[in-house]
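Chain nomenclature is as follows: A, B and C, assigned in order of appearance, with residue numbering initiated at 1 for each chain independently.
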Amino acid sequence: MDDKMRRTLYNIYMGLFLVYLLVPLGLMGGAAFNDSRLPSVYPWKGLTDRWFIELWNDSTMWTSFANTILVALAVVALAVPIGTASAILVNSISGRVRSVLYGIMVAPVLAPGAVIGISTILFWNKLSVPTGLHLSVLGQVSYIAAFVMLMVLARLQSFDQNLEEAALDLGASHGQVMRRILLPHLYPAIGAGAAISFFQSIENFNVTLFTRGTSQTLTVYVFSKVRSGVTPSINALALLLIIATLSAALLYEVRRRRLAAVEAAREAEARRAEEAGVL
Amino acid sequence: MSELLRRYGPTLTGAFVLLTAFWLLMLVILPNVTLFEASFRPYLPVTEVGGPKDFYSFGNYMKFFANSTDTDIFGFNLPVPIHVKIFFGTIYFSTLVTFITFVIAYPLAFYLAKVVTPKSLPTLFLLLFVPMWVSEVLRSFAWWLILAYKGPLNAVLQGVGILDAPVRWISGYRAIIIGLVYTYVLFMVFPIYNAIQSLDTNQIEAAQDLGSPWWRTHWRVILPHAKPGIASGSVIVFMLAAGSLLVPALLGSPTSLWFTQTIQQWMLEAQDWNTGAAYAFLFLILCTCFVSLVMWLFKVQLTDIAK
Amino acid sequence: MSAGIELDDVCCDFGSFRAVDHVNVSIQPGEFFSFLGPSGCGKTTILRMISGFTDPSAGMIRIGGKDMKGQRPNQRPTALIFQNLALFPLMPIWENIAFGLEVRGVAKAERRAKAEELLRLVDLPDAADKMVSQLSGGQKQRVAIARALAVEPSVMLLDEPLSALDLKLRQHMRAELRAIQKRTGVTFIYITHDQGEALAMSDRVGVMSQGRLQQVANPRDIYNNPTNGFVASFVGENNIFTGTVGSEAAGFARFETPHGAFRARANVQGGRDLKLYVRPEHTLISAVPGLENSLPVTVTDVAFEGNFISVHAVSQSGATLLAELRNDGSVAIPAPGDALHMSFAAENASILPDGLVRGE
């Protein structure tokens, strides 16, 4: 088997994998337009927009949607400061304490969602806090904060500590160093962390199921719909969600490429200056 | 600690410590301690909590071994408690899912790391990330549609003549495995990709130059280097699969209970939080043991997995 | 404006390791003072103690006569230029320069005006709105200097800021730094391991080794009159003879070595580990024996270095010697294998003790 043929095989494999990943989503989205009571693209009974209208008029969906967004925003508001603070903390200690702390911080990522949900309601129930979406927020933060922590920690590795000292030396207070030097360096990671927190929270099912009490979120709503009389309005919802995530991802990628191009142009200018012997 | 104070001053250091302490104590450690404690107490009406019937026992854990049914194990018909059976079923099928995702993911990770031209990498990654950002419930729903008895898969397979009659895909553990593999395969691709990417391409070329056939190059050079990535991918996929509730609930059948579903039954249907706690704790401990065993076998650390 | 600095018996320990060992030095206001030494000699620790990032374990640091104990870096009248410059990559150049003013609450228009004034001073008038990544190495250097000057420090501390530049730029920046220092009159404390830099720019040089300050003197004296063997051999090259000191008279002594007895300058008592040091450019080559301190040698290698020629030779007693000839055509260039004589004048040779060592 020569190199070129192997390459072709690899390309075919990659293509098949992408088909495998994307076709189910396409089929699900396509069914939203099928004029059939059953959510499927097959058999095709004609194009319709009635499932979108049904979705629009579904008040439960709107409450679930509002709840989901509120929970996600609350999770971001808690997980981002917690994750950032603990990353800075872990980054400036060393030795055994560091590895123990790090271990406790990362463990919730691997813990099954059901366990997180149950331990959260048991603990807060002891403090006489009833179940509800506020506990969903706390349960989700317990592991989502770890994602933010890991991302900020990775970004901190590329931070030049001299910048902090330079700023202090120029007379800045610790608060000013934080606001003008360290946080601006961390913003890309904090932004990505916030995005991940937001999406993780929207996606979350396990923790929410145990902690929500009687409130609905979008995942729970979709789940209960699928279990009890699904209509293609769920497909309409799925399609809209996929389009929303896809646009967010595209926007992010376009922005990233633009920033990379600007930086490359700057570095090229520095190289030219260097070569021109500018002293 | 002194370095923290020197770098950030007392006010900020205080804030960092408080935020971290809130997280680790109030959201992680104390809830788990409560879970552990509650799992040894009986489920009682509110009025009797703290009363004479409220004492520590293994009662909740003993329920795990109740309700034996005869099960065929290597040709022997043995009575096995139903929850024990579900538990080992969950472990077994999660391992199977982990193995299948590895088989699918390894060539992909290698392709992304060493074969594809770097220019098309960002676009490929974008395409791969899209399904990952689509929520788990929708991904399971998509397969629920595809695998339906009168769904597109049966239609296509019958259309091209592979099947004579439609197959009931959603029965037993079959559909659960299909759904779990689809949902978690990318969590296997990215860790292995990261590991292979850090391998110096010269090493691969050196092996080929020394006359090694492609399979031996993989076996002796690339696989060993990718080991930490494989281990972390396996741990993540295994934990996600075993801990999944959505996929088994949507793609499962009455004959294929997942262990998380028994926990859910105790918690939400029986409203017996104490037994639920015992089951959750058991699940946590056994999964942790299993993962530790795998990590010990592969000689990898928790720090490597979190990358 | 500028302030003097006194280090009064300063020590600094890291665990059981003594990085700085009883250093005493008084630096005058407006002086360009260099700490010169190999890496690990403690010079960077001294700089960090003056700037306030590291606390001395013992002793006192005074700036402008004021004890700096308990003063944090942002409270001291010093400005530090880091080895890697530590320019803020996410701010445009003018914000970098004006950062020290910004944190002091100076209004934006005033900050901008000051930044532009400083950019003119360092000869970068058009760079205000560029980003750090757009500048060449030398330009970044100037921005770092401007940023430090913006806070009008009494003392500028420079931590090997030229080490990342190529040779030509480095030589240009030496003159530039010296000119800026003269123009502003600020006390400069400069850390370097490059003797050329230290000698070319400084009013005075402090040579350090093993945490000890070995000698403080003006560049000429450091080179011509080193007080110990470490200073002599760290700054420039030497032919070195081991031996014992004999009779001493009028600053000159007789020095017995396995290669013969020499006469050289000496102001030391006998008994300690003493060596005789003579510079290659003071080592003379002749076909007949020299007037004093002469050895018969065989030339082993001749290297053409451009403005001078290195002649390596070995004496009949086995000593290896190096002589440098000016490439001005005044002497015949020897060839390997030539049998010649090498000699040196007593006033060009010094008998010196070894350098001070840590904890002594």
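One rule holds in what follows: a residue touches a chain if its C-beta (ideal position, glycine included) is under 8 Å from a C-beta of that chain, and two chains touch if they have at least 3 such contacts.
Here the structure is a predicted model, which is why all the values come from computation and not from measurement.
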Query raised in the report: Computing the C-alpha centre of each chain, which chain sits at the greatest distance from chain B?
Result: C
Query raised in the report: Quick one: most central chain, C-alpha centroids?
Result: A
Report summary line: Cα centre of chain A to Cα centre of chain C, whole Å, reads 54
Query raised in the report: So what's the Cα centroid distance for chain B and chain C, whole Å?
Result: 62
Report summary line: Chain-centre distance (mean CA atoms) for chain A and chain B, in whole Å, is 18
Query raised in the report: Counting only residues that touch at least 2 other chains, which ones in chain A make the list?
Result: 173
Query raised in the report: If you look only at chain C, which of its residues touch chain A in the complex?
Result: 51-53, 72-75, 78-80, 82, 84, 86, 88, 90-91, 99-100, 102-104, 131, 133-139, 147-148, 150-151, 169, 172-173
Report summary line: Within their complex, chain A touches chain C through residues 160, 162-163, 165-173, 176, 180-181, 184-185, 263, 266-267, 269-270, 273-274, 278-279
Query - Of all residues in chain B, those that touch chain A in their complex - result: 1, 3-4, 7-9, 11-12, 15-17, 19-20, 22-24, 26-32, 34-35, 38, 104, 107-108, 111, 115-116, 122, 124, 126-131, 133-139, 141-146, 148, 150-152, 155, 182, 214, 235-236, 239, 242-246, 249-250, 260, 263-264, 267-268, 273, 276-277, 280-281, 283-284, 287, 291, 302-303, 305-306
Report task. Name, in rising order, each residue of chain A that touches chain B in their complex. Result -> 1, 6-7, 10, 13-14, 17-18, 20-22, 24-25, 27-28, 31, 38-42, 81-82, 85-86, 88-89, 92-93, 99, 101-116, 118-126, 138-139, 141-142, 145, 150, 161, 164, 173-175, 177-178, 199, 202-203, 205-206, 209-210, 218-219, 222-223, 226-227, 234, 238, 241-242, 245-246, 248-250, 253, 257
